[in-house]
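For reference, chains read A, B and C in written order, and residue numbers begin at 1 within each chain.
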Amino acid sequence: MDWINAIIQGILLGGLYALFAAGLSLIFGVMRLVNIAHGDLIVLAAFLGLTITTALGVSPLIALLLVVPVMAAIGYVLQRGILNQTLGEDILPPLLVTFGLSVIIQNGLLEIYSADPQKMSAGALETASIALPGDLNIGVLPLMMFVVAVAVIAGLQWIFYHSSLGRAFRAVSDKQDIAQLMGLNKAHVFGLAMALSLAVVGIAGVFLGIRTSFDPSIGPGRLIFGFEAVIIGGLGNIWGTLIGGIILGVSQNIGAQINPGWQLLAGHIAFLFVLAVRPRGLFPRID
Amino acid sequence: MPDALLSTRELEAHYGDFQALFGISIDVFPEEVIAIIGANGAGKTTLMRSITGLLRNEPEMVVWKGQSVGGFRADQVAHLGIAMVPEGRQLFQSLSVKENLIIGGQMGRKGPWSLEKVYELFPILKERRNVPATALSGGQQQMVAIGRALMSNPDILLFDEISLGLAPIIIKSIYEALPKIIGQGMSAIIVEQDIAKAVSVSSRVYCLQEGRISLKGRSDELTREAISAAYFGV
Amino acid sequence: MTTTSYSISRSSKASRIAAVAGIAVLALLIAAPWWAGRADMRLLSEMFLYLSLACLWNLLAGYAGLVSVGQQAFVGFGGYMLFALAIFAGISPLVAIPMAGVLGALIAVPVALLIFRLRGAYFAIGTWVIAEVFRLSFAQISALGGGSGTSLPVAIIRDMASSRAMREATTYWLALGMAVLVLAVIYALLRSRRGLALTAIRDSELASQSFGIDIWRNKFFVYVITAGLTAMTGALIFLQKLRISPDAAFSVNDWTAFVIFIVVIGGIGTLEGPIIGVIVFFLLRETLSDLGTTYLLILGVVAIAVMLKAPNGLWGTLKDRTGLELFPLSRRVMKNKQ
């Protein structure tokens, strides 16, 4: 029974990892940008949620209503102010600039909030659970987060393939010059892509902060989980991030079930295994 | 004579240290079709990229309805009503035929062209509207590229290398459709390597050679010899 | 009657002056145990080891186009190998250091086979995953102290040299020797045929491929060499610290962020850049480190500003303006009077 429970919990955890991954996948798809500060932005969103819940005395889920638009605005400004200048043939500038950004966010958070672990409380929801036959219990909160993650990914999929914004994303991704001839301002479209990516990061950050304790140093670890989910699922495949996230979450929980010290290691090994046998991921869409 | 719709004034273009265009001045008047001819590497495509803002210029080098627009970004130029059918079609491969057309019209400029009108002009595109654009044949792709440009209801349409890489029969049908396309009060610049074709559809011709205008004049007044001399520089 | 003929030369007046000055500085540095205080020597050693890491990262990213943010994998691996060889096999640290280098190069082979499947920025994060795997794996080895780490036994340290002063001088010379070795290897590599191939790949992968350059093999070779030398440097770093733990050994901040900062500030893709970068980095650190996290914030801001405004770094910007080159790598055509 422990094993089945571990797998179920792993699947639910995978939803959170898919949220880490979706924003990363989106901006890579649109502008081939890999944001090294992605994990630190997730942590920033968690701290933002914490500040709002304590300042206004509201539930973290209500705080989302503020965190998501604020993160989106940060994304737009960041893209237009800094990151657009780094895009080009050379992969080094965006990589190094977002790496610098990661250092800045980590130490900025350290300065403001100190290194103490923090946590957000979702009240009674946290202990509520649904009993399943065979002594299995599913927490209401993890289940809710998983459902939200699936909904967010379905939403991103819809935006990307069925909205005018998504059409602009795909057009700019295909041929930047020609897209501009259609009257699309590349800088603005990239800004919107980053805004959308960080809106998802906002949800991911608040969920992270409800689920576990967090401190300013955990960003890079979240980046790596998100990255692994993207690669496992296959580059450019939005639904793939959900599958990648679930595989990662289940691997980690199975590893932890064998030996608590192996939790993270098992996730990384699952990733390296996929890389070895299917270098382009399970369901790739981009070359 | 009326004022020019679009002019370039002593336009220059550089790729790094390499100068591609030297003091190009052309005019296009309302409802006029001009042709730009020249051999490979003469600077025709560079001129198109300069006009559309894909290459940045000094502001006064490109004039649109009396306004200096040489410093505009490509998307700002598009909003003015300048559209291009680029060399090699350049369709968006992740978009369906219909999406390629819709994105051409996403600026919302008013005018005679709409999805239905484009489908009327090229019925095959309606049939294949949900297919990825790059799954079409070369000729059909050129139709999409033309339709995509028309969807923005431009005041002027630039055709870069309109017949390059297409079968003769396709070229013929595209030239046959041209009056229907342009005959809606639109101006056009046609870039062409085929001199006879260029002369037949245009009222005036500019010939480029090594980044300079080597000849210009009314299409019906230029002799073949004069054009050949300007074209090949003999 | 005079005729002019041409010859190809790599050296210039500046490079010859630099060579003489370099030898003088090196002699001065070798003699440091007789003129420098204990704290100064520690600082200098640390600078040499950072210089070595920076040159190696620069070779990877600036010449071979392999942007890694996971070189801490090899720093920590080298450190742990030193401790393991010394503790379990009783091997003298002086012998264990090159052995750690060889083992580092060996482990880099399967690592490269795996992560070379990732391109560009994803390669970078892939290297980071490898470093995490190393960190988590070493944390599982209880014989090496598990998650809390271990110290080098006193007996092993005593065996290294008779007195404390001699031991400190030895570790100092080892650090200096490491930096000189790394510079020499990179210089020789870049002047060789392979160096030419690397420069061609850096300038245009597509064009170099059409000249028949095997890009994958060249990159693989550089990755493995760099890993070996990085592991050796890592062994020296932890020989100086005398204590190792997974978090210290595989720290992304200490062994990658700072190193990238040094190379970016100094000038990526030049041999001189890391040298300038190390000096600037340590000047900043010695004056600003009291500020704690603010200091790191400043580093991040400076790195971003340099990347955006002067992407060639301090040395690259100077070189662009003056054509100065201290390590004669590029060939120039000279006119000879006869």
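The definition used in the following text is that contacts are C-beta pairs under 8 Å (C-beta built on N, C-alpha and C of every residue); 3 or more make two chains touch, one makes a residue touch a chain.
This is a predicted model, so every value here is computed, not measured.
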Next on the checklist: Moving step by step between touching chains, how few steps can get you from chain B to chain C?
Outcome noted: 2
Next on the checklist: Counting only C-beta pairs in contact, which chains form the busiest pair?
Outcome noted: A-C
Checklist entry - Which chain has the mean of its C-alpha atoms lying nearest to the mean of all protein C-alpha atoms shown? => result A
Checklist entry - Taking each chain's centre as its mean C-alpha position, how far apart are chain B and chain C in Å? => result 54
Checklist outcome for this item: Taking each chain's centre as the mean of its CA atoms, chain A sits from chain B at a distance in Å of 44
Checklist entry - chain A to chain C: how many Å between their CA centres? => result 33
Checklist entry - Okay, in this complex, where on chain A does chain C touch? => result 33-34, 36, 82, 85-86, 91-97, 99-104, 106-108, 110-111, 220-221, 223-224, 227-228, 231, 235, 261-262, 264-265, 268-269, 271-272, 275-276, 279
Next on the checklist: Help me check something: in the complex, which residues belonging to chain C touch chain A?
Outcome noted: 61, 67, 69, 114-115, 117-118, 120-122, 124-126, 128-129, 132-133, 136-137, 139-140, 252-253, 257, 260, 264, 268, 293-294, 296-297, 299-301, 303-304, 307-308, 311
Next on the checklist: Under the definition above, what is the set of chain A residues touching chain B in their complex?
Outcome noted: 164, 167-168, 170-171, 173-175, 177-186
Item to check | Contact footprint of chain A on chain B as seen in their complex | outcome: 52-54, 73-75, 78-79, 83-84, 86, 90, 92-95, 99, 102-104, 106-107, 148, 152
